[in-house]
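Here come two complexes built around chain A, the first alongside chain B, the second alongside chain C.
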Partner chain A sequence: MSCSIDEPTMTVAEKRAKARAVHVGFCCKCKTTRSTIIVRYAEYCDPCFLIALDSKFRTALRNARPYRVTNPENVMLAFSGGSSSRSLIHLFDVFHSLPPEVTSNKQQPKIYNDIHVCHVDESCLFEPSSLQTQIQSQGQNDSHSKEIKEEKLDGSTMEQARSIAAHYNYLFHGVRIEDIYDPEWADSHCFEAVATLVTSLPKDQLAISGEAPELLSHIHPMSPLSTSSGPPGLSSETTRRQKMSRQEKIAKLKALLAACTTLTAKETILGHIRSSLLAQLAKRADCTILALGDSATRVAIQIIGLTAIGRGFSLPHETSLESNWIQGCKVIRPLKDCLAKELDTLCRLSNLEVIEKHTARLGWTIQSKGEIKSIKQLTEEFIIGLDKDFPSTAATVCRTAAKLTPPDVQYQDKCPLCHGPVQAGVQEWKKRITVTTPPSRDDQETAKDFNDTCCSSTVGTSCCSNSNRSINSSSSCTQNSTKSHSTDEKPPLPFSSLLCYGCLTNLRDLNLKSMGSLNGDETSQFELPPYVAWTILDRVGYKSLEDYENAFVAKDTDVDPRESLREQIQEFLIASDSESEE
Partner chain B sequence: MATKDTLQIELQFSGGMELLFDNQKTIQADVPAFFPIVTKDTDTNQQERHAATIRDLIAWTSIELLKERPELFIGDDGSVRAGILVLINGADWELEGELEYELQDKDEIVFISTLHGG
Partner chain C sequence: MHLTNTADTTVHAHQHTQTQPEVGVKSSKGTKPLRNPCNLCQSVRAILKRPKTGQQLCKECFYHVFETEIHNTIVDNKLFKKGDRVAIGASGGKDSTVLAYVMKLLNDRYNYGLDLVLLSIDEGITGYRDDSLETVKRNRDQYQIPLLIISYKDLYGWSMDDIVKEIGRKNNCTFCGVFRRQALDRGAIMLNVDHIVTGHNADDIAETVLMNILRGDLPRLQRCTSIITNDTSDDASGIETSKILRSKPFKYTYEKEIVMYAYFKKLDYFSTECIYSPNAYRGYARVFLKELEAIRRTAIVDIIHSGEALSASVQANESTKLPTMTNCTRCGYISSNELCKACLLLEGLNKGLPQLGIGHTTKIRRIHEAAANVAEGLSLSSTSLLSPTTALSGNGAESATVVTAVASSSTSSTLEERGKTVTHIKDLARLETMPSLQTTS
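On to the complex of A and B.
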């Protein structure tokens, strides 16, 4: 039969399939119908394929959460609009709709109580040009009513997602990606502050110093007008409750993405925002389980891609069948054993409606001549290209990574940006393994000296932080400088030191010029969403925004040693104050 | 065999593929029944012209119908890009001989993109 030379290179799956295929070209299950689907060497006919896929899903679901449960839990299905999450809803429905005689006879408790569906609408980040073409095509077939037109002009995926969920009678929760700037999407449900970043180095030194500057954060309460307008006490709660308009939120989100210089950084941050929203959605709907529709292909891409961008530490949480990392919300991936191809086939066979354009492709945000690809896209091409010739690639990668065990880290110590686990001492380690300065340091030393001398004459602000830098006691000096320069500015909180390795690496791609500098003469051009601000405060040890502000006010009044310093630089102080007033 | 000069082929696009074809989900195409033997690396038959195969269809589609971003449809080897599922009359094209499948009149070819990444 088969040539002996072939045999050593045959995979297990291939061998098994060969052994099973009694009649070539017929389904390996029923063996009576001509096969129409081929999945990893195994040939199926349509009905047998559906049965096989369904049982695969059930097995995974049982492994993710044993059936023998005392009280049924609510589950949230994350629905992006793509074929994988669409299949997830369908398979959950098939799983949950048992024939009535089965449920009534055995008196079995329900395995899942309520099934919710949530959707994150990313239409505000869709490529504008294609949106315009969509509008044009809409204009051509003018049979649509005006309302529908406007809805489609928007490119919004929300209504489509809602109607799909309604079809199954599942509760639908929709949120727009820009809503991450709403105060309600932080862990404390109502956190009306955003974080901005400042660099520990003044602007003029950024170019000279090859070192990555330490990033510090400011927490700004959200106010309708501007972040710095409120008095330090900030007792006017009611004025701050004004909601931001959608346009403002989109502008903020776009500003954040614009500050990233690489496509990889943009995608990664967007991914964090997305998963933060999903976790919040699940928690708010009282769902203790969040089911994601990650397919085996997707998980394999994630495994390689996340490793490449330095997120190996949190890899088990982001790719495993079940993860208990997020407090009060278990994340399961019941489609982890199903290839993207299988799920696409399921959608086709079951006529499942999918939303074609659902994820934001951020390539258009970077202006360049050639096509720029992110690490994720490159990994995707790599895995899928490999999978074409070696159909077991995705499964092999998944199986290997499934052996990883989650790190032993407390959820309280989560990274502000990605809410993933933080390994201790990442900054020191990163410093040790990274070469950021060219070998000839002499030039830089002289440059620094030059700065020191020149600043005394003109720019007092940079002088202060410059000397601080040379002392190398950044934590104490930062407080001094900000206090002295602008009294209504709160001392910066740490940021870099709270981050996980992956986020720290990712933020190297942030444009330093878009950040504020410590001396306060330039403000940050982007704001991090409230959930980041909340986590920073939480990690630093403040219980609430009021706590933080009160602590600062108290400190501000009774701190005396800084007064002398204040007097010393009074001359510059007035100058900077008047500047800020203007 | 085929006496007609063109074959009526129904092309279907889904999973995001339709965006490359001006948002058309279904295209009724009249595909030439025979293609001249090209001097490229796609040598197939010994005759002057050969019956249209899927390989020809892909090349023909990308020239005649594709509206934007050909790199998202066609791969390096004249096949479709990896990650695109091709179905011939409802069956996986791997079962039908992939690129070498000879098109028949009234065939239904489905292209589904499985690449969804953002």
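On to the complex of A and C.
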């Protein structure tokens, strides 16, 4: 069944190239100058290439947001430091700098009001060894590597990004990737809590069954005092309070990434954090439009990559020219028609300064030699390789996805981790096609109806995940956990059941040992950032952290809420201290 | 029941040799701490790592989950009705052999009440299909399921060997694929079945999803994940093929697990790749998929899940409507054009213009038309005159089965088109007289 019907077809581009064959060696636009650049089948001279690229950008921008808009909006340009987003800033500048006669004309309305640039500094996750490969070969000691780590931390990309934005007189907003643990980057500003995960079953049982567990979550309030012990945090640009030291936040982020056993999972979670920060940055700067510098090559890689990790449902939102998914912030990708190589060429021709090392490559965090590639990297190689043999691959893939309509789902029901749309019934779907019950239950299995409970795989245990929208139904879980700590007396909130399919799949790569267990024998070794905690509470139906706290207090105890809060904080402090010492 | 596993002991012996260090523990069954127990039953030592989940399972638990998943797929998608006559598309390869075995097994175990038959297509590829058909014949005897073999030579007048001789190795898969699809339908009509099941597995479907995204084929992207494909579109009137459903019970079954199942059950299958099947583009997707699976074993299911979500996204879009289906004016087969693809390809073959139907049909046809007009009186203009009458006779015999309808139309056309090269319509009429079921080899 491996053979298929494959017909030799000539693409439009190939046909055009044939028609152009008369001008071989000359620019296909002006036809007078010798060509210097070849894009797929077309040859250009430098000036014509720049004009062509600029008009491509303008067309896309106009399609993303029609010019005839009554009130001008603020736009946020996401700048990573790479050539694509660098081109985005440049092209926006060219687009927005009007000739003086137009500027003086008051009748001409502005298309965009203010242009902001934002940057996410990921330097804390850079590979520490780039300078020390020789040292490593000589057998390095720990203190030395730590020193170099510090050095690299200082070499952040923030200042470089700021100077580039300043060059255009654009407002600059910088944030460090670890700031995701700041309370202010949740949907409700200043949400001082993090979430931890527990497995619904004891670990030993899970190890035996080899089955992915049902995950539940706990919300832990963050201590306002937690920074006093640590060194004073380095002032990050947009933080108003100093809550947690930078080192603490980095430690938290690294603990989260360390809990992922695969590079794919690490990269995916980092991607969610990155886009969450970008959306928040745009919202806080009162920008109703967030422009991303995704090139056609990048979008094509995204499309295949997202498909491969099971994110087909949110794919239209994550790859389209314009997406209205995020409430109050429209995401546009005006470089979607330009190949990555074209943008590289633009940067070269226009002498645009890029930041050499700007995105965190997490390959170095993988200890075992088993997985050295992530699905994203593999997809990247695949698409780029295919593009060499079939030069229209990237364009074809992009065009395919452009015709997809996004699913009709409410933004309120977003996935806590990726903030993407959630498809109903994915767990059941998976359970039906991947049976994990032993044959002894065969008869029951046949009698079971279609709408199986989500816990059907966990043999003979109470179902915890049914506590979807009410905390009352999850009381059975708390009864089980007789040994629970005082902090864990709050009934656990659902987690797995709130996730989208892609995140559910991704979390299978979480190390079970790093998670807490329901009976309180073990505590979680990592925390999910406040934005996740906030979304969990929101999805479960609490309006705020206090709301959640009070509901718990009123239900279970008569203790003064402040008193119990302190208790929890103390517990939390000890736990986090011991963790950071490790 | 003859389906019980007779290969148990031999397989166990094989495992012993494979996992040398643990043999000692395993042989003493009474000992309490079972080393490496099966993740599901906990009572038997695991002998395999399940490709789909990575769980360590014993053989019986693997059979159980493998069969139950297929059963779930069949039940959840309501593939069959009680009393349905179902043809199993059998090539003799691993997928279809396991499919035949499992269909028989599940039919007995869960009382589907299905009347199963095997349907094989003989493409006429020496050194490949002739050997694999021997396997199918053995399967027929082993599982006691009747078998019908239909050959390209009988149906179209050309075997794949002949076609390759004529057109070379390039594009021969186009002919094979188009002809097989129609041949399966023709065979199904002859067998009077309601349903054809094929052995397409999860890997095949995931690969097709990727291929269709890469090729930008939205209509196919939409269709490729649906478990039942049906030639019916609402306006396809009276044509018998339209009532035959096609489905893929292995939609969520990993290729590796099928191989594993066949291996442990010691099923008799034929495992040679088609000798004419080099295919660059699909090869890329296949290699990519295998690499994805190596990184994350759920990738195949994840891609199918994505594909299903994407196909829902396509549906909402008006611009990607499927072409309206009509009947081929020459053979009556369902087609989106005036002539079905098989007739077009066949015309090219018979007129020594194998490029017809591959690439730009109209252009090649124009060239051909001009050449034919000059060369001989027999030209395409006569064919186009003929077409309406053929169509009429096809529509007129709505109540009759398609075989007879097509046969009658073919006789009328052959009368008028005497001297013209053979079309498969005529051959189909001849096929009608063939024994419908071969019971002995």
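By our rule, the second predicted complex is superposed on the first by the 443 of 582 C-alpha atoms of A that agree within 3 Å, B and C clash if a C-alpha of one lies under 4 Å from a C-alpha of the other, contacts with A are read in each partner's own complex, and residues count from 1 in each chain.
The criterion applied here is as follows: contacts are C-beta pairs under 8 Å (C-beta built on N, C-alpha and C of every residue); 3 or more make two chains touch, one makes a residue touch a chain.
Remember, predicted model here, so these are calculated numbers, not experimental data.
S.K.: State whether chain B or chain C is in contact with more residues of chain A in the superposed arrangement.
M.R.: Of chain B and chain C, C contacts more residues of chain A.
S.K.: First (chain B), second (chain C), both or neither: which does A:Leu292 touch?
M.R.: The answer is neither, since A:Leu292 touches no partner chain.
S.K.: Can A:Ile115 be said to touch chain B (first), chain C (second), both, or neither?
M.R.: Touch partners of A:Ile115: none, neither chain B nor chain C.
S.K.: Which partner does A:Cys329 reach: the first (chain B), the second (chain C), both, or neither?
M.R.: neither
S.K.: Under the stated touch criterion, which partner chain does A:Lys373 make contact with: chain B (first), chain C (second), both, or neither?
M.R.: So A:Lys373 only meets chain C here.
S.K.: Check whether A:Ser83 is in contact with chain B, with chain C, with both or with neither, and answer first, second, both or neither.
M.R.: In the superposition, A:Ser83 contacts chain B only.
S.K.: Could you say whether A:Val354 touches chain B, chain C, both of them, or neither, answering first, second, both or neither?
M.R.: Once the two structures are laid over each other on A, A:Val354 reaches chain B alone.
S.K.: Jot down the residues of chain A that show up as touching in both complexes, chain B in one and chain C in the other.
M.R.: Dual-contact residues (chain A): 371, 385.
S.K.: Using the touch definition up top, name the residues of chain B that touch chain A in the complex.
M.R.: The contact residues of chain B facing chain A are 14-16, 18-19, 22-23, 71, 82-83, 85, 87, 90-92, 94-95, 110, 112, 114-118.
S.K.: In their shared complex, at which residues does chain A touch chain C?
M.R.: Answer in residue numbers: 1-9, 208-211, 262, 264, 303-304, 306-313, 315-316, 371, 373-375, 378-379, 382, 385-386, 389-390, 393, 396-397, 399-401, 403-407, 423, 426, 429-430, 432-440, 442, 445-446, 450, 501-502, 505, 508-509.
S.K.: Name, in rising order, each residue of chain A that touches chain B in their complex.
M.R.: Listed in rising order, the residues are 25, 34-38, 43, 46, 82-84, 122, 130, 134, 137, 267, 270, 297, 301, 340-341, 344-345, 348, 354, 356-362, 371, 376-377, 380-381, 384-385, 387-388.
S.K.: Hey, which residues of chain C end up touching chain A in the complex?
M.R.: Residues 37-42, 52-56, 60-61, 64-65, 68-69, 72-73, 76, 91, 93, 95, 110, 171, 173-174, 176-178, 199-200, 204, 209-218, 221, 252, 273-274, 276-277, 279-282, 284, 286, 288, 291-292, 295-296, 298-299, 301-303, 305-310, 312-314, 316-317, 319-320, 358-359 of chain C touch chain A in their complex.
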